[in-house]
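Take a look at the following structure, please.
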Amino acid sequence: MSRKTINIPLGAQHISLLEPVRFKFECENEKIVGVDSDVGFVHRGVERACTTKFKFDAVGYVVARICGLCAITHSLAYTVAAENLLGAQVTAKAAYLRTLLLELDRIHSHMLCLSHTCENAGFEAMFMQIMGDRELVMEIQELISGNRVQFDYICIGGVNRDITAELGKKILENLTLVEKKVREYKDEFLNNWSLSLKFRGVGALSLEDAYRFNAIGPLARAAGLQTDVRNEMSYLPYKEIGFVMQMQESGDIHARNMVRLDEIQNSIEMCRNIVNGLPEGEIITKIKGKPQGETIVRYEAPRGELMYYVKGNGSAMLDRVRIKTPTFSSIPAFSEIFLGQEYADAPAILASFDPCLSCTAK
Amino acid sequence: MFRKFRKKSPWILHYNAGSCNGCDIEILACISPKYDLERFGVINTGNPKQSDIFLVTGPVTFRSRERLVELYTQMPEPKVVVAVGSCTCTGGVFRDMYNVEDGIDRYIPVDVYVPGCAASPELIIDGVVKALEVLEKKTKAMEKPRKLFSEATTKEGIVDRRECAQKVGEADAKDTE
Amino acid sequence: MQKIQSSLEKIREEIEGFYDQKSWHFLTLNGVALSNEKLEVQWIFSKYATPDEVVVYYIEVPYDVEIPSIADIIPSAIISQRELVDMFGIAVEGSTKGLYLDEDSMQTPLKGCQI
Amino acid sequence: MIEILLILLAPVAGGLLYGFERVVRARMQNRQGPPLLQPFYDMMKLIDKQTLIVNPTHALLGVMHFVALWAVVAFTIMGGNLLYIVFLHLLASLFLVLAAFSVKSIFSHLGANRELLSMIAYEPILVMFAVAFYMLNGSFSIDAVRANPSALGSLLFLFLAFLFVVQLKLKKSPFDAAKAHQEIVGGAEVEFSGLFFEFVYMALWLEYVFVYLLLMLFAGDNILLGGILFCVAFLLVNLVDNATARVRMEHLIKIFLGIAVSLAALNLLGLAYV
Amino acid sequence: MLTQILILSPLLFAFAVLFAGVRLRNILTVVFVVFLAGVSLVHLLFINEPLRYDLPHELHTLFFFFDALLLLFFLYVGIAKKDPLVASLAASQIVLYAAVKFVNGAVGSSDFLIDNTSLMMYLIVNIVGGIIVIYSLKYIESEEFSRLKKNGFIAVLFFFLGVMNFLVGTNNIEIFFLLFELTTLCSYILIGYRKDTISTQNALRALWMNQIGGVAILAALLLALVSYKTLSFDLLIANIDTAYLFPIVFLLLAAFVKGAAIPFEKWLLGAMVAPTPVSAILHSATMVKIAPFLVLKLSPAMSGFLSEAVMLFGTFVFFAASLLALSKNYFKEILGLSTIALLSFMMALAAIGTQEAILAASILMVFHALSKALLFLQLGILEKEFHLKYVNDIESLMSYSPLVVFFIVFGFASLTLPPFGVFIGKFMAFESFAAGIQESPVFLAALLFSALGSVFLTILYFKVLTKVFVRDMGLGDSKRKEIACTYKITSWALSVLLGVGIVWSLAQRLFGMWEILIPVLLIGVVPLLLYVFVLQNAQRVKEYNCGEKEEVVLNMYYLHTPSAVQKTILILSLVFLGSLFVGVAL
């Protein structure tokens, strides 16, 4: 018999993709039987630039440009690593403010992911609604940091801006609005029949595979693998502000969406606690010296675990900055999930991974 | 006669040539209800063959440059290229990194530069509206491919866009005479 | 952060003995250039549900050896192995160039001292 | 005379309808939306664009799709044979499918394949639609339908089934898998550009006119009822479009063959024996 | 007189051709085919009312000998090839035939009855069959056989034409049985012509399956003799008692077997798989038409339950065969299954028995023969000239031979689209179903089956066109390949005949003028105008492939029917067949 399969490309440029990534699906009819991926379109060479072009105190702003969505987590992870190497401590207030921005970032990133998943599932109205409501969060971010996307908020020793009392009130106001909306989305995601056709049981990752492929972030938590770096680290005050790990069992798109929705609610709760219980003190401490030694810092980005390995040699230039981004380590798991699915679902599945290719390729 | 309608129905094609996706999510935000680009008749087609405005973000990486040019050539004239974000205009923070080509105007002619890291939705909309004006003024003569390929490199093998643009202007002046 | 030194020959065995997928999470494979001739290759693991517990297995090797693959023990290591090939120009069993750079690229961005 | 005028104006009417629908949809999504005449602006712009074709066969078939659809609308307005119109409409759709198959583009092929599959879903309903009027009036002639009083009461189930077809033919979610912008970039029409895309674009307007003309047959000679039916269907279609995600092709066929076809078949049985 | 010419001359010519040289053979064949076609046309023009003839008594005796010889030959084949099915069926036929001879004592009517249906069949057999024979002259030339064997092949084809001409005119069931068995013999010889394993196997399968038809005819004959005391079709039909329809049902069973309706579809598919396209063409374009012909003949005798049941069964097979065809990749298999589907559809229409339905069935028969023959010719050309068999492989054919592509597209278009004959037939069929719904809900089921079935068929055809139409951008005319002249001429002849069909349907006022003309204009004029004015100067652009430059891999879409569905179809068709008998018995 002759050939039977067709090759369907998804990317590099495709309407359902925000970033260039290339999947080549080998399909029987529309059923995917083979996946070939190419993730290197956005490779710019940041790791090298961090050790050759920029001094250590500027690197925090450079690594933020790795990814617009999780810029803050990149700069945080790097800054913490640098502070470790310098042997410095930040004040409690700075730590709280950092956490506030991180969680706001998580909220808007998750909302973007949810809306994009809906868009790719052909639910335009939901996309518009979530994108519209996301502006509430963007507004707070702009008020706090001065920019909508690339904040440059965190610096070595603390943060760059303080929040005022009115701003605190505004934050609480907007968060309450968002919380109300999120409850509505939850209702929609749970009860809309066409969404359940599109999401339930589609693109599922079993718990076994989650362990095998070292799944991380919402992908792992949706499959029932209890892993969240916020639970496994000590340099941010998550224990005090009411962090709860959100779990689902089934591992499909629906479960991932539910994990994200639950996390948004938890993050709103945490932000509220931060604003209400913000400690007094300075937002920035002066730190002197040059980084020396090596360290590993992990942090939970919206997409999962982010890791920085930084090695200093006592001069202004670093020896090595190794960035392991969440999407990077999930790619093998992605390919596994696509097998056996319909091509029609592929964009929605891909969006539900919330892939961040500019993170991956650096 | 039809030219004035170009302005009223710009369809956009968006390509990320290696940006940090900050600008991309802002483009997405432009479509959202708060900014609503569709007021201007904008549709995000995602298909080069049916687009008029090419929104590019990112400091063209080594691997995406071929795709960039390929997409550009598939768009029918008249078309306008908008470079969104600082790194798209000049390479920005990524300038001189080993896998980066320092801005898209080395490869395709850019009509509107939108600065910002990340460019905010207001700026992007402003850029698109500027692009509409350019779109209306475009003539066939401006679109000749010589702009792209002929005499486009200097000795070091680097395109000097400004010089090329001047040359094209001269040629047009001759054409009209 | 706990660092354990190993050798090129024994590293596979040691990881096989150490790694338990229910309790250890494989973070990544990392390379650090020590000099123009030598690099350090690290296999980084963290423990589920325990704060700040990270274990690093590392070996110091010259650039012209072939690093053994652990993709059969930990499938997700395949992508970091490919990255290592791209960035350092070192051979890893079963991995090809071309993740970030072109297949025929001569570049090895992180090899050797860079300053 | 007035009929010829109507036929000539059919694309314009369709364009207005399409523009109005875009506004309605935007308002439903809390947006301002494009101007009402947006489709015509698009049209003017497309005429002005450079002609880029993949191959002549492809471009020609796209134009034939438009012309054939116009012929279908013309027959419908003139009051021709309903069954014939259904088949001619099939022919018109097939032109687009053929066009999509004539280029070496994967998305085009996927779209065409889905278009073909969706025919499995809607053709039986359209055939039964024609047959139902035949059973009522004793002939397939549309003139006969328009001359008789409304039969909406006895064709209620069929009307419901027909709403499914409206949703599918107008490429509205949840039945828009054939066009699925996020999956296959518009499907069959992906390779058209400039002038030739305009024909395909206008063909969609004609599709609007055709589908709603058929819908108004349920009102018989009652023009007022026809208007009401049109408004109700129009709103309903857009509401459903805004409240659902796209279903997969296999689900689409199952839904159509399971629900819509049985509704229509029940209706026919009812007509014959109750 | 004309009828006798039609029957006898091919038989004689078959002998003549056996010994001729290549050139002489070719010239003689062409001339003779034209002659045959002319005679059948003259026939059509001059015979206005049913003609009746009688054959001399001596001939009947001769027929008896032939029958006995034939059955013994089948028995011999069964024993020699160690095929128990063939042997046992042949044996049971011998027993039944003996019983028939024993019972004898019937009131006979005339042996020949030539009515409108027969005239139509003459046209199909002689014109379509003739064109196929001309085509086969070239086809057989490229085979590696001895001259005698090649001549033998042509001779068998002519023999077959003679037999068919005889068969469609006969009114005597006993003679009908003989001719039926002779066509079976022709199938056996043609399918097994190459004598390799698969051919032999398929030939044997065709033999035993067709013998079921023989058994059924004999059973019908025996029952007709016993209860109606006749062996003529017209008397049987005229005197039929609705309480005792068994002879009719058995004859219908024979029709289903010949028409390869679903439980018996294997033999026709086997004929397709056998490497002899000519036999495939003959089978699917002309020979299987015996099935709808027989049902048409019997339709006056069918009413009520029987007609509805046959209609339901026919439309069900139409639906099921089209569904099964969707998952196929082998070009011949696709055409074979679609033939089976359309044959059943014709039988269903014939079973309805209203004037309109019968007209629809006749139109379908004529135009289906033309279209299918055209398509099969192209298939043979593909195989001989381009060595292509699978639909998946015919990509870029457009660059090799646009003419073949044109014929293939034309063939498929003529099977689906207005204004071609098959479309008109289907259209009228739907009208007939619609008209019947008020009588019985079975018509609704038939309507649904046929609506779905025709959509499946459309999809099937377009699935094939997927591959045909795909065109490489870079390929110029360098790869063009001319096809042989004979192939071209025969293909053109069939296409012109299809075109004549459009004119005929205009003349017959089956449709309004605009309804016919508008599609013609669409297909013909609009593209031409545009091509001349716009497309000549248009610039070319590459296909959109997500910005990649890489070649895309396009294959066909398979719409697999799960094995459970296949089993269900088989069981349902058996149930339908069984319920025919049970229903008649009750």
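When the chains are written out, they are named A, B, C, D and E in that same order, and each has its own residue count from 1.
Operating definition for what follows: a contact is a pair of C-beta atoms (placed from the backbone, for glycine too) under 8 Å apart; a residue touches a chain by one contact, two chains touch by 3 or more.
Please read all numbers here as calculations on a predicted model, not as lab measurements.
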item: Least hop count linking chain D to chain E through chains in contact; value: 1
item: Partner chains that chain B and chain E have in common; value: A, D
item: Remaining touching clusters (ignoring chain C, no chains moved); value: one piece
item: Chains linked by the largest number of contacting C-beta pairs; value: D-E
item: Centroid-based (C-alpha) most distant chain relative to chain E; value: C
item: Innermost chain, taking as reference the mean of every protein Cα atom displayed; value: D
item: Inter-centroid spacing, chain C versus chain B (mean Cα positions, whole Å); value: 40
item: Chain centre separation (chain B, chain D; CA means) in Å; value: 36
item: Chain A-chain B separation of Cα centroids, rounded to whole Å; value: 29
item: Distance from the mean Cα position of chain C to that of chain A, given in whole angstrom; value: 24
item: Shared interface positions of chain D, touching two or more other chains; value: 29-31, 50-52, 106, 109, 181, 185, 190-191, 193
item: Shared interface positions of chain E, touching two or more other chains; value: 541-542, 544-545, 547-548, 552, 554, 557, 559
item: Shared interface positions of chain C, touching two or more other chains; value: 100-101, 109
item: Listing of all chain pairs that touch each other, if any do; value: A-B, A-C, A-D, A-E, B-C, B-D, B-E, D-E
item: Residues on chain D engaged by chain E in the complex (per definition of touch); value: 50-57, 59-60, 63-64, 67-68, 71, 75, 80-81, 83-84, 87-88, 90-91, 94, 97-98, 101-109, 112-113, 116-117, 119-120, 123-124, 127-128, 130-131, 134-135, 140, 185, 190-191, 193, 195, 261, 265, 268-269, 271-273
item: Residue numbers on chain E that touch chain B, as the complex places them; value: 541-542, 544, 547-549
item: In the complex with chain E, residue positions of chain A that touch it; value: 1-7, 9-14, 22, 28-29
item: Chain D residues touching chain B - in the complex, by the definition given at the top; value: 22, 26, 29-35, 38, 41-42, 44-45, 47-52, 181, 185-186, 190-194, 197
item: Chain C - residues contacting chain A, complex; value: 1, 21-22, 25-28, 30-33, 42, 44, 46-54, 56, 74-76, 78-80, 83, 87, 98-101, 109-110, 114-115
